Structures are given as C-alpha cells and as structure tokens.
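This is the structure, below, for whatever I ask next.
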Amino acid sequence: MSWGALPPAVQALVMGGVILGALTGILAYVTLLERKFAARLQSRIGPYRVGPRGLLQPIADGVKLLLKEDVIPETADRPVFNLAPVVFLIPCLLIFGVIPFAPGIGVADLDTGVLFFLAISSLEIVGLFMAGWGSNNKYALLSAMRAVNQIISYDLPFIMATLVPVMLAGSLRLSEIAAAQSRLWFIAYPVIGQIAFVFFIITAVAAENRVPFDILEAESELVAGFRVEYSGMKFAIIQLAEYAHVLGTSFLGALLFLGAWAGPGPIWLGPVWFLLKALLVFLLITWVRWSFVRIRVDQILRVSWKLMLPASLLLLLATAATIVWRTPHA
Amino acid sequence: MPDVRAIDYAGSERLTMNMGPQHPSAHGVFRAILTLEGETVVGVDAVIGYLHRCHEKLAETLAYVQYPSIASKTDYVAAMSSELAYVMAAERIGQFEVPKRAQYLRVLMSELQRIASHCLWLGTWCMDMGGALGGGATIFLYCIRERELVLDLFESLVGARLLYGFHQVGGVRYDIPEGWTAECRKTIALIEQRLDEYEAMLDDNPFFTMRTKGVGAISRALAQDVGVSGPLLRGSGLNWDLRRNQPYSSYDDFQFDVPVQAAGDCFARYRVRMVEFRQSIRIIRQVLDGLPAGPISSRPGVKSLAQVKVPKGEAYARVEGPRGEVGCFLVADGSNKPYRMKWRGASFSNLAVLPHILIGCGVADVVAIMGSVDPVFGEVDR
Amino acid sequence: MLDRKRGIFAEAWSIGKAVGQAMRITFVNFFRKPVTVHYPTVTRPFPNRFRGLLALTYDKETGEENCIGCRLCEFICPPAVIKVEMLKAEKRNYAKTFTLELYACEFCELCVQVCPTDAIIMMKSFDLATGDRREMLLDKDRLHAIGLQHEPSWATGNLLRDMQQPPKKESKAADAADTADKAKATDKAAGA
C-alpha cells in the first residue's frame, strides 16, 4: 500500500506521530546544546561526565525527573494545578503541526498557517496562568500576572514582524512563503528584511520569557516564578513545553526569513538544512539570553508599547510601500 | 534627620512578602519583610543577626597573636582589610613601629583584596539582576574567573585563598616568594584588559542602565546623616576616602585618584567601583616598583602566647575596606588579651540606609539596590 | 530608555550598537579556552606554601619523632583544637598523646609557626571529605601517617620565624638584604 493511497487523515496522523517522536528526541538534545553553548560563552565546559562528552545528560535528567517525588501543596487547587502543565504543553506542541519540513511533508499545510501558529502559540498563557493560580503561592501568582501582561503586549509586535515576510510572499500559507524565497531569502531583502528579522528575534525572546525579558521567572527574586511549586515529571513537562515553544519559534523564523529547506545538495537534504537553520536561530536567541541582564516588568512593557509596536507598524507601512513601489504596474 | 516612614499595615492591596534569610539574592543571611502594594514597596522591616558569632566577645578571650586570623572572618570577602584594622588598633595603642616593607606589603595585599572583592561584587550583582540562567551568570563567571587569578596569587604568598592570617602585630607574617612579583604583574595586566571587557558589556548596555540609572538614589544629605561609607558615600557626591584623607600604612606614598559621582544611584556606585578597580591596579604597580627591602615585622615571629603585650590604652583604627570604613576600637589593659574590642563593620552602617531608599521602588529594584550596597553579613552581624 | 533629546533614530542606533558590543564580548569569550580543571582526574599544582592537612614529622636523620610535647601549639591554637600530653623521658620529652580536631581547625598555621622543633607541619593536600566526623579527629598515629603520605608544604616553625625576624640593631642594612635573600633561598630550597 503506497503512501499516496492512504486517506489524507491517516497520512496526517502518521506524519504527526513521526514528527512528535522526532521532536521529543530533538528537544532533549536541544537542551544539551543550549547548556554546552552557554558554557562555552562562559569559559567553561558544559556537562561532560555523563556519557561521552555529556551526550547522555538529557537522558539522565529525564530519568532523574521521573524518579522525583511529585509534591502537590496542600492548599493548591488540585484540578487546576494538575492540569496546568498539560494545558501548557499542548499549544507548544500544536504549533509544529503547521510547519512544513519539506515541500509536501508536514502534518497540515493550512491556508492560514501563520495565523494558526501565532494564535495557538499565545494560548500557552492559559496554561501558565493556571499554573500560577493553582499553586496557591504569592510568588507564582506575581509571576503569572507579569506573564500575562508581557506575552499579550509582545504578541502584537510579534505578529507585525511576521507579517513582513507574509506581505513579501503574498500568502499566509507557510509552504508558499518558503517557496517564495527561492530567489532571495527574506532576510537578505534590503533593509526591510534585516529589520524585520531583528524585530522578530526581539519579540520572540520576549514572547517566550527568555532573558532579558524573563522577569516572570526571575530566579533571584521570584525563585522560578509560576513553576515554583512543580516538581518531578510535571516540571519536566513544563520545561519541555517551554523549549518546544522556543524551538517552534526558531523553526518559524528559519522558515520566514532564512529560506526554510533551501540549501545546496539533493532535495532530501532539505529537512536537514531546515533543522540547521532553526538551530541557528535558536542559538541566536540563546546567545542573546546569555549576554544580558533582565529588565523590570514596567520597562519591558514600556519597550513593547512605546518602542516595538510603533516601530513594527512603521515597518509594515514601509514594507507595503516597498512592495507597491517595486511591483510593475500592469 | 530624614524621617523613616512608619509601616502602615492598613490598606486592602497590601501584601507582606518575606525576602527571607534563604533567598538567592539576599547576599548572605538577611531578612527583609517587605510590605508591597502591587509591585511597589511601601514598607521594609530589616532583620539581621542570623550570622552573629560573638566576635567581640571572642576577641576578649583570644590573645593579640591569635585573633588576627579570626578577624578575617568578619568581612570574609575582604579579609585583608579586616585583619588590618585589628592589628593597626593594637599597634596604635602600643606605639609599635611597622617596618616600611611591611607597610608596603599591607598596601599591596589590601589593594589586591579590593580587586578580588569588587570582582565578587560585580559578579553577584549582575547575577541577581540577570538571573542564574542568563546574562548575569555569564558576567558572574567572567568575574569569578578573574578573581580566581587573584586568589591564586594569595595562595602562593600566604597558603590560603580566602581567610589569611597574614597580619600580625608589628608587621606581616609572610614575605614575597621568588617569582611572585612577575606573576602579580602579569595577573593585574590581564585583569585590566578584562575590565575593559566588562565595561564594554555593561556601561552602555541599555538593559543594564535601565535597571540601574535612577534606582536607589541616596541623596548627599542622607548619606551624611545615616553614616554610610565607601562607594556609597563617594557615589553620592562626597569626596571622602580614608586612604587619602587619613592615610595609614604608607598610603600617602602613592598616587591614586578617588572616584566621586554625584548621582547617588546604583549606576553611580557601579562607576565608582569600576574606577576603584583601575586605581587599585595603579597602586599595586607603584608598590611593586617601589617595594623596599627590609624586615617584614618589627617584632619577632610569634613563638608563644604571652609574646605580645599591649600596654594600657585605647585606640580606634579605621581602614578603607572595599565596602567602606572598617574600624576596630580596642581597649587594652596591659596583658596579652584586649579588655574590649568593638568592631565597626562597614556593611552594618551601610545597611541602615535601606529603609530610606527602598520605599517606593519595585520588587525588582530591591534586588538591584541590595546588590549595589554590597553587604557582607559577616561584618553586619559579627 | 528613550532619550527625548536625541531623537528616536539616534537612540535606536546607539542601543543597537551597545547591544552588539555586549554580544561581541560574549562571542569573543566563546573562543577562549575554558578554564575548567578536570578535577578529580586532574589536580592543579599546589603552591609551595599551601596550607593543607596537618601532620607530625619524624627527624630526617635519626628517624625519631620531632615532637617534644611542649604544648606550645596547644596554647596558641585559636579554636583550641589541639590537645597534647607530655611524656617525660631521660634525654628528651615526647608527646604521650596528641589529638587534633581537624573538623574545627581553621588552618591558620599558628601551630606550625610556634613549634620549636618543626614537628607539626602542613601538607599540600586538602582531601578531607569523609562520611564520619570521627575520622577527622586525628590522633598521633594518624598525624604521623599523614606526614608520610603527602607532600609537605614549605612552612615550618623555624622558617616562618626566620622570615618574620626583625634584624639585629647593629647592621640593619646587611641583615635587611640578608632576610630578603634568605626568604628566596628557603623558597628555592623547599622548591617545586
């Protein structure tokens, strides 16, 4: 029974299963990549004792978290507390459903791919707030309140920044955006491409609660923020979800700006190039993370509303003007 | 005297949050009971004493030859300055002369200690502000990397890295070994280079300046009234440095600038300490160039408990430690143990400014301010 | 963050420049050799004067114990961790028992400094970790064993006291140069 003969629903299901499986493996090793990269930035070696050059470290971490005691505070709101990690995880995994990993390979190639991605990825706020509320902990509550503020504020400039490649490609469908970069990657588009990429990175860092915008988990003040009461596998799920979100945004960035699967070599090497580009974006976000101190929540919001939003609106206007100017009139 | 606002516990939105003795950014064991209204601090109740180890009583039971190594445990991050205050007080009462070489060695060690202490301050402060998983940790590890070099220097001279027992009444205990001077010059040249890197990373960094400019401003009047010292004083516009105003231990032989900033906020204190780094390096170079030959102690090395007897009298000796004025008031009664010792810890007086400047700032600013005040609770609680 | 005086484009440019500078420093550090020492596979070399474990020594020529049980170290020790009982004999005295509570020792080297016979010294080793605190209550046999197990540090009582000795009043200049030279010589002799 050939692949094409299967009904599209079954095709999507199998594809989803394969992608989820590959994703979990990649996620585990992305954490190791981040730790080693961060270590080298800090003149030290990352994990190196577990397995050859530390390659078994993620597995060791997973086993450790599995074996830890699952502590639920007595006064916590149990259903909310227990469901929160799952509600947090689902949107972060769903965003991978709409990314095409190669022309034709992907779970679903929606007409409104970009819109779906952005909408679903901001649903993680629900899980986050459930975690903060259900923990019955002042620190967690403070952190959840800050998180809602921050993610909502930065979603707008994030949308504007992703709209630039959409306008340049003329479609919301992710595979079409990737195909439209066959001549020129959008990051190489004079001025507008670079600025849009910079804005994308900034707002992505903010929307994912990474330093310098990670006030909601400011360890030195709030000691892990909304995650403070979680231990064991629930904590592992929350961590996994956060990294999945970062990786998903990196894939989106690679697709929107870096040409997705375009690269030298045969066509089946495409997904590998895509992964490498996504890891490049991920390392860029990580490099930003490990270079700066964090700013206060009111400053974060000020940057968003007073700087990023007007700037990204201006950028959209400029993009529209450029497109009109460069389109030959019929 | 500016009035401290009394804490008003009435009000519906008030939240009492305990930044407890165990806290990642408490800089030691410090308990601040913050009353918050939303994100603004409206009241602070500081509780100290978690590290009280009865130093002053201990000094009454230990002889002058035994106590210096214990004195280093008050301000354990800047142990050399702490020991120096004690032995200077004893020498002042007994009119003991300290040979020139010993004085120069004391200056050398104090300035190296200042560099090490400021390295730790910068690293931990940035880590508090930037997170253990983030840029703060990066700067922390860079600073610790440099501090390790200085501690290696101490280790090859004294044998210990953190708590030395270097001073004794009448001089110092250890002389410079072969090859130490060259190593020292290499190290401070490297640190000077790395300082350029830190300043490049932080000085114009908008994230850093947003967190530190305008935050925790201590006015000049407040600084004078409350009795702060060290970088807090100089960051608020007062030009006072004990090394220049009341020179001790041959400090007047050396040329160095004393940084003063007018703004009084965290950024001003940061700039003061960064300039102090470079001035310390300058002093060290002058010491190494001009180190005279000679004995390192005017009294023979410790052979027995009853060796050092200080005649009756009392004296207060003050040194400019990295955190401010460290003082030791000794009352001697002619025996080999002091009758009474009173320790003035710099951080104890510096912390007194907290209820005045923490009111009205956000929770995140509390962390930035605590870090820029740079307390070490060994000398707060003694 | 926004400085009204300079205008938004100049401000944005300066922010971008500063951010780029900070990231450049981190990038530069990426290529530096890590400073990690792979302890415990690799131990860094101890400096000559390292103040580590304490030990009792034997005389190099005769093989006798150096300790004469004079109890000077017991009296000088600030945290009072040393307990010595003297055993009188014909030619010289010995220490009948010598206990040192290593868990309370503050490694100040004062006992080494006062010892008239260079009996107690410190070693170039700090491997103290143990699961049972009683193992850190060192008795005389244990102290002698430590003395044979590890490499001794430079400092002994006589060397330290010589280093700190002020010159005789007669010829200050000659003795001054002498002291500095002696310090160098003793360090070289005890050498790496």
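Miscellaneous remarks
Labels for the chains are A, B and C, by order of writing; each one numbers its residues from 1.
Operating definition for what follows: a contact is a pair of C-beta atoms (placed from the backbone, for glycine too) under 8 Å apart; a residue touches a chain by one contact, two chains touch by 3 or more.
What you see is a predicted model; the values in this text were computed from it and never measured.
Chain centroids computed from C-alpha atoms place B closest to the centre of all protein C-alpha atoms shown.
Chains B-C form the pair with the most C-beta pairs in contact. With each centre defined as the average position of its C-alpha atoms, the distance from chain B to chain C rounds to 24 Å. Taking each chain's centre as the mean of its C-alpha atoms, chain A lies 44 Å from chain B. Averaged C-alpha coordinates put the centre of chain A at 51 Å from the centre of chain C. Residues of chain A in contact with at least two other chains: 41-44, 290-292, 299.
Residue positions of chain C touching 2 or more other chains: 1, 19, 22, 25-26, 29, 35. In chain B, the residues that touch at least two other chains are 135, 138, 142, 145, 201, 205, 210. Touching chain A in their complex are the following residues of chain C: 1-2, 12, 19, 22-23, 25-27, 29-30, 32-36.
Residues of chain B touching chain A in their complex: 15, 17, 23-25, 39, 126-139, 141-142, 145, 201, 205, 207-208, 210-211, 362-367. Here chain B touches chain C in the complex through residues 62, 65-67, 69-70, 99, 135, 138, 142, 145, 148, 152, 155-160, 163, 165, 168, 171-178, 197, 200-202, 204-206, 210, 293-305, going by the rule given at the top. Considering their complex, residues 38, 41-44, 138, 142, 210-212, 214-215, 217-221, 223, 289-299 of chain A touch chain B.
On the side of chain C, the complex with chain B involves touching residues 1, 14-15, 17-19, 21-22, 24-26, 28-29, 35, 47-51, 72, 75-78, 106-110, 113-114, 116, 122, 153, 155, 160-167, 175-177, 179-180, 183-184, 187-188.
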